[in-house]
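One structure follows; several queries about it will come next.
Order of writing sets the chain letters: A, B, C and D. Residues in each chain are counted from 1.
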Amino acid sequence: MRTNIGLAAPAALASRYARVRALSVALAAPLSDADASVQSMDDASPAKWHLAHTTWFFETFVLRDFVPGYRLFDDRWPYLFNSYYEAEGARHARPRRGMLTRPSLAQICDWRAAVDDALLAALPGLSPEAEALVQLGCHHEEQHQELLLTDILHLLAQNPLEPALWPGDPKVPVAMPGPPGWIAGRAGEAEAGCDYPSGATAFAFDCEGPRHRVLLHPHAIADRTVNNGEWAAFIADGGYRNPALWLSDGWAWVQREGVTAPLYWRQDDGVWTRFGLDGRRPADPAAPVTHVSFFEADAYASWAGARLPTEFEWEAAAAAHDPAGGNQLDGAGPAEPRPSAGGPAFFGDVWEWTGSAYRPYPGFRAAEGAVGEYNGKFMSGQFVLRGGSCATPRGHVRASYRNFFYPHQRWQFTGVRLARDL
Amino acid sequence: MRTNIGLAAPAALASRYARVRALSVALAAPLSDADASVQSMDDASPAKWHLAHTTWFFETFVLRDFVPGYRLFDDRWPYLFNSYYEAEGARHARPRRGMLTRPSLAQICDWRAAVDDALLAALPGLSPEAEALVQLGCHHEEQHQELLLTDILHLLAQNPLEPALWPGDPKVPVAMPGPPGWIAGRAGEAEAGCDYPSGATAFAFDCEGPRHRVLLHPHAIADRTVNNGEWAAFIADGGYRNPALWLSDGWAWVQREGVTAPLYWRQDDGVWTRFGLDGRRPADPAAPVTHVSFFEADAYASWAGARLPTEFEWEAAAAAHDPAGGNQLDGAGPAEPRPSAGGPAFFGDVWEWTGSAYRPYPGFRAAEGAVGEYNGKFMSGQFVLRGGSCATPRGHVRASYRNFFYPHQRWQFTGVRLARDL
Amino acid sequence: MRTNIGLAAPAALASRYARVRALSVALAAPLSDADASVQSMDDASPAKWHLAHTTWFFETFVLRDFVPGYRLFDDRWPYLFNSYYEAEGARHARPRRGMLTRPSLAQICDWRAAVDDALLAALPGLSPEAEALVQLGCHHEEQHQELLLTDILHLLAQNPLEPALWPGDPKVPVAMPGPPGWIAGRAGEAEAGCDYPSGATAFAFDCEGPRHRVLLHPHAIADRTVNNGEWAAFIADGGYRNPALWLSDGWAWVQREGVTAPLYWRQDDGVWTRFGLDGRRPADPAAPVTHVSFFEADAYASWAGARLPTEFEWEAAAAAHDPAGGNQLDGAGPAEPRPSAGGPAFFGDVWEWTGSAYRPYPGFRAAEGAVGEYNGKFMSGQFVLRGGSCATPRGHVRASYRNFFYPHQRWQFTGVRLARDL
Amino acid sequence: MRTNIGLAAPAALASRYARVRALSVALAAPLSDADASVQSMDDASPAKWHLAHTTWFFETFVLRDFVPGYRLFDDRWPYLFNSYYEAEGARHARPRRGMLTRPSLAQICDWRAAVDDALLAALPGLSPEAEALVQLGCHHEEQHQELLLTDILHLLAQNPLEPALWPGDPKVPVAMPGPPGWIAGRAGEAEAGCDYPSGATAFAFDCEGPRHRVLLHPHAIADRTVNNGEWAAFIADGGYRNPALWLSDGWAWVQREGVTAPLYWRQDDGVWTRFGLDGRRPADPAAPVTHVSFFEADAYASWAGARLPTEFEWEAAAAAHDPAGGNQLDGAGPAEPRPSAGGPAFFGDVWEWTGSAYRPYPGFRAAEGAVGEYNGKFMSGQFVLRGGSCATPRGHVRASYRNFFYPHQRWQFTGVRLARDL
């Protein structure tokens, strides 16, 4: 992992480490041992597994590899909590993660505390290479914080009782906004990506680089994402029943899965409701639509006479905005997209599907060592999403940040921004 | 459900009810909330589900239907904990039982206590029909006690850590017994089954009747079941690699599943070990083999130049033995087959596969009402097992008792007794 | 294969061999090379495969094993056309039989002719053991003649054009018969099965023996099978929508497969039609219903307040009837059940599902050698059918004849006769 | 379909139509009725289906829509032979194409002749719009000619007899070439794609446009594709066993399918052989490797320390070469990659996987009407291939031609060219 970290002092890293680690535990606080142990589908992992796997990352790549004399907390656990690092040897099969009722949630929390103690003690003496791995581990854990929330949401949605994890905010009614405005995008050559190491405090994943020139064609991009009210109109107009709107793979998916609305939506007495971490509630027409797949995003864009932006069109438009702004995860209150307060917004609420396949940039090289399996090996069959969501820890994303999922997946907080050719 | 119960007094029934209900809770005592919530395969159910479903049975068929003014503990739960009673309406899909992290184990235990209070309070005033349903419910719960143990064993076996649920007994070495003795079976007409109502304190399930005449052909039956040592010889002789020994469906199953030994067996440094509720231990050569399928039982019998007994041959031989004897579940110590103490034994240790397909007896009629779905509708594709196991609550079985499973299933404590034509 | 053949002279066997072999070729006459090569489902085989496999049987077990100096027609073909004889070594996987576009239908017919020439030339000098295999091969080929017809029917039914293989007979309208009469069955001990070798000209498969005593309970059996008109009433009464009528496995099958009528039935403008080898035509109300599964047969019997007969009840009732009578295959005209001419009938038209699982008789021993894999290894999970059908070569069946299929299968000419307890 | 055709005269189109249609029939000449009817996997279609579907295209979009009074040859057939045009209504399911033993190959040939007669008679009076559809239909049929060959190859490969469709050429031994040369690619802005309508005789599919500017980064591209000898070295070096070389989806595919070599390869006595339309023969080390998936191509490139070219790098390099040159299909002799004659070559032999996902160009709009479903709806999950193969009709491809397949597919003649960053 080549990163461009340049922390001023270990104290800053220690502080960041402690904050990140504490947030994970806070997010898991409302969960029972059973909530934290069950796996609701192959794509998802138990919350306990996320808590353990992020701990395994620090224990393996930092404590084991850089701290002389460190002894593993339990030498049988790395086998259980390695995710996909082939270089780290055999591992428990992903779809079997929900079979691990032992160790318990409490035992995992004990492990977390022990690793935190050891790492914070070791931090002042770590080499820059090890510091970079701690930094990477923090970003890695932030990614798992978001997955923890979306996975637990998926699990709770399987329960006919539809339990709410968090109490909902009292909703302030928001007027249904008018149609989105269009921002004329830049045409011609531009720069994209993040070229590390460049110094200072910046961090980027290997797949965001190298920074390179791209060519933009004349286009415009919407100043907000599609909302629930607009999506309901798409449904009412037969959007899910008209094959002409869909990619061939998308139409096959709609037919096979019987898809008729975003994930977690249901029509109760003629009213569209959605399920969230705050339970089942009416789908606020003014709030960004979420839990839609790339296939749905693309079909919606066709219906609207538009298209999805490329990842570089998005990046050019977002570059001027504050990546730490908008509705992102602060650890307080349920993660849920909120009605727009007005004005162009590019960060938070929902990840935005782009029309760009997730592929390497010119000159891309994966990081070396086991952490080199982090991003590059996933570069087939997935699409790029940009912008972060209400479940993304605030401070985690930036304009060059590339998230990626398969086109049928929609259990993340995924939404849609339109673009069009000029 | 036509039963031949004739309890002397409600007090006896109350006592029995209390004992049965307490044993379920005791069996679940070593389980964490997660242990009790996870479903390890479609055939198995979470322990929590067993605790809840048996409670649902009493609440639905007794309290709701016979106790005026009774209010359901939670009117959303019957949907979750109905097993397969079509007459009781829609229900949560069986393979989704493991998604129910809520209600928690503790909440289910609260429900159990509330139902127990209500039922014991109502018992003195119940009609004979309702009393019969209480009686049936107790037998029903005993069946689920066994399933709870075999399902939790299956779950723990999926965990690479192989946690032991119960401490094991110190093993007293037992000499490897000689070959089984052969008991000459009766030939000619005989009586089989249980013809209720016959009076007194007896109970039987509808599928055990009517009692009727059967015709036995000259045969002999072994005086004990096959043991681990004999099974190891079968393996060593290539038993799992020789298609000539197997039924066609059985051979397809062996090939498809890659079966090479009983479930939970593993060869560690040349020694066969097995996993049980007391963890992984060497497979005691003198103990009855268990966790074998009908297909394996049939193949072993072919290899041994014998066959499986019919269910009527077994019943005729077992009739003279004490159905409450042998190694059955008392609620103390781990359920595990034990080396024979010598002498013919027909009850306990392992359920014995018979060569009889599970089909209705002449004149069979299913019980009326919802409980009529209890047995009769399963009479295709399954084989009869007899005799109870180490996980069967002592007192539950009798000579006429018919258990039934599909020929590939083996997560129950299932074993083999040989027979042969004379 | 222990058989009780005792042919008077090789000439009789030669004549029989020639007739059987000629019928297969005649049945395949309307087929194109493509018709004969395509496999429509895993359960079915291409017609060409049937023609080849029956030839392989004679070439392998008679010519190769008993005729010195015989050279295989093509030594690569046994691999292709062995069906399931493990003892004969590796073989082409059953679901891949439809991949064999070469050798062509014409080449297979050439092979047939060459094997016929060699076998008829060798026949006068064959040992009794080899003669018995020729006899067995003829019965084996008759079984495949029926399968050839039912498999080609299944293939043609997949084609939206629904081509007719044979021109249909002009239908003579037949009055809808009244309800079936009931024949009081014998109670008490009886004999069943066929005990070979007994001498003379009789033949039986190993699974029909040994002849043994059985115990019949008081019952009555219908004097005809259920007809299409009665089945339409079952459908109209919601028979396929009422779970209370169905075995649990059967109801799961109905739900999973979306079953609403017998195979090949369709409602066109309110009229039930069926597809047969003579194309799509109205389902004659007076003709026996066919292409129903055991699950459907059992559900119908429940609906009618009756049950299926056991195989021994059937055999006792059929013993007095001519097994070569009724509507069986003569090689002329399309195989199709026909309205009853009146009077009790037990043979022909449709195979009749019994309530008996297909299991070995007391004292059963499979034949020795490769042909011992013929019957015994299929004795799990299947049900016995009796009586032969319109596609069974006349002369093939007898009162003791046991056919067997899985309870969900229905592409054979399978139907229903009712019985009831007295 | 917006095309840039501008044919000088109908006579030229008639001539082209006749040539294309004749080649299809010639390619099918060695096939039996069965060969032409069987479907070997869901991805493939029967040869007969290709012959029929291409005819359906002309009958539907030209004769039916533009020729007054034209009567369909058989009005039941459009349902059978529509491929995926949702706008044309319901159609026979793709995986069921192999069930259509009727109409026969001969009947399809009759249909072809009748449509050819009608179309050639109507051609002089057709509107430009209809002419454009004839032109499109010819290109469409050329695509199916290639599929016909690759599908029949796949079918024959399923047959253990491995029949050869065509006699092989006597092979002239060719010296194993040295390593590929590297051509320095252009960096900076360039033009790519084909911008129609531009006039004259050119034709392009909608997905090739619009012609637009692209930005190339410094790179080099190999002057030939990878050959069998080099691939054997990759295998010998453990290429298929080292997860570090593979994309994550690719490694999962290797594990799931047990892939150890290109499709149709087998090691016989230590020698790599491949199966082709000329039967099984040694894999010529000097010939281009073929029948490899994108996953294999990408892994090979990783192993070789290189990468795949982008589609625009390829197009820039190929633009100077003759698209009708090299080893392409002329209708004479078996389609098979041949050892290079030396010198840079970009067309023929094997389709070359690029690293570019198949996505729309800036400003892309699908053609209008039913033929608009031709390309655009497949733009997810697939990768672009360039250059044509030995099975591509000569004259069909051009530098801007975009073929596309899923990354696991490899039954086409697909190969690998390397590129690298400079």
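The working rule: contacts are C-beta pairs under 8 Å (C-beta built on N, C-alpha and C of every residue); 3 or more make two chains touch, one makes a residue touch a chain.
Keep in mind it's a predicted model, so treat the numbers as computed, not measured.
Looking at C-alpha means, what's the farthest chain from chain B?
It is D whose centre lies farthest from that of chain B.
Using Cα averages as centroids, what's the distance between chain A and chain B in whole Å?
Those two chain centres are 47 Å apart.
Report the inter-centroid distance (CA atoms only) between chain A and chain C in whole Å.
Centre separation, chain A to chain C: 60 Å.
Distance-wise, how many Å sit between the C-alpha centres of chain B and chain C, to the nearest whole number?
38
Counting only residues that touch at least 2 other chains, which ones in chain A make the list?
Residues: none.
Chain contact graph: line, ring, star, complete or other?
ring
Quick one: which bits of chain A touch chain D in the complex? Just the residue numbers, please.
Touching chain D: residues 84, 86-87, 189, 212-215, 217, 219, 243-244, 246-251, 294-295, 298, 307, 355-357, 359-360, 362-363, 373, 377-381, 383, 407, 421 of chain A.
Please name which positions on chain A make contact with chain B in the complex.
Counting only chain A, the residues touching chain B are 32-38, 40, 76, 79-80, 92, 96, 98-105, 155-156, 158-161, 163.
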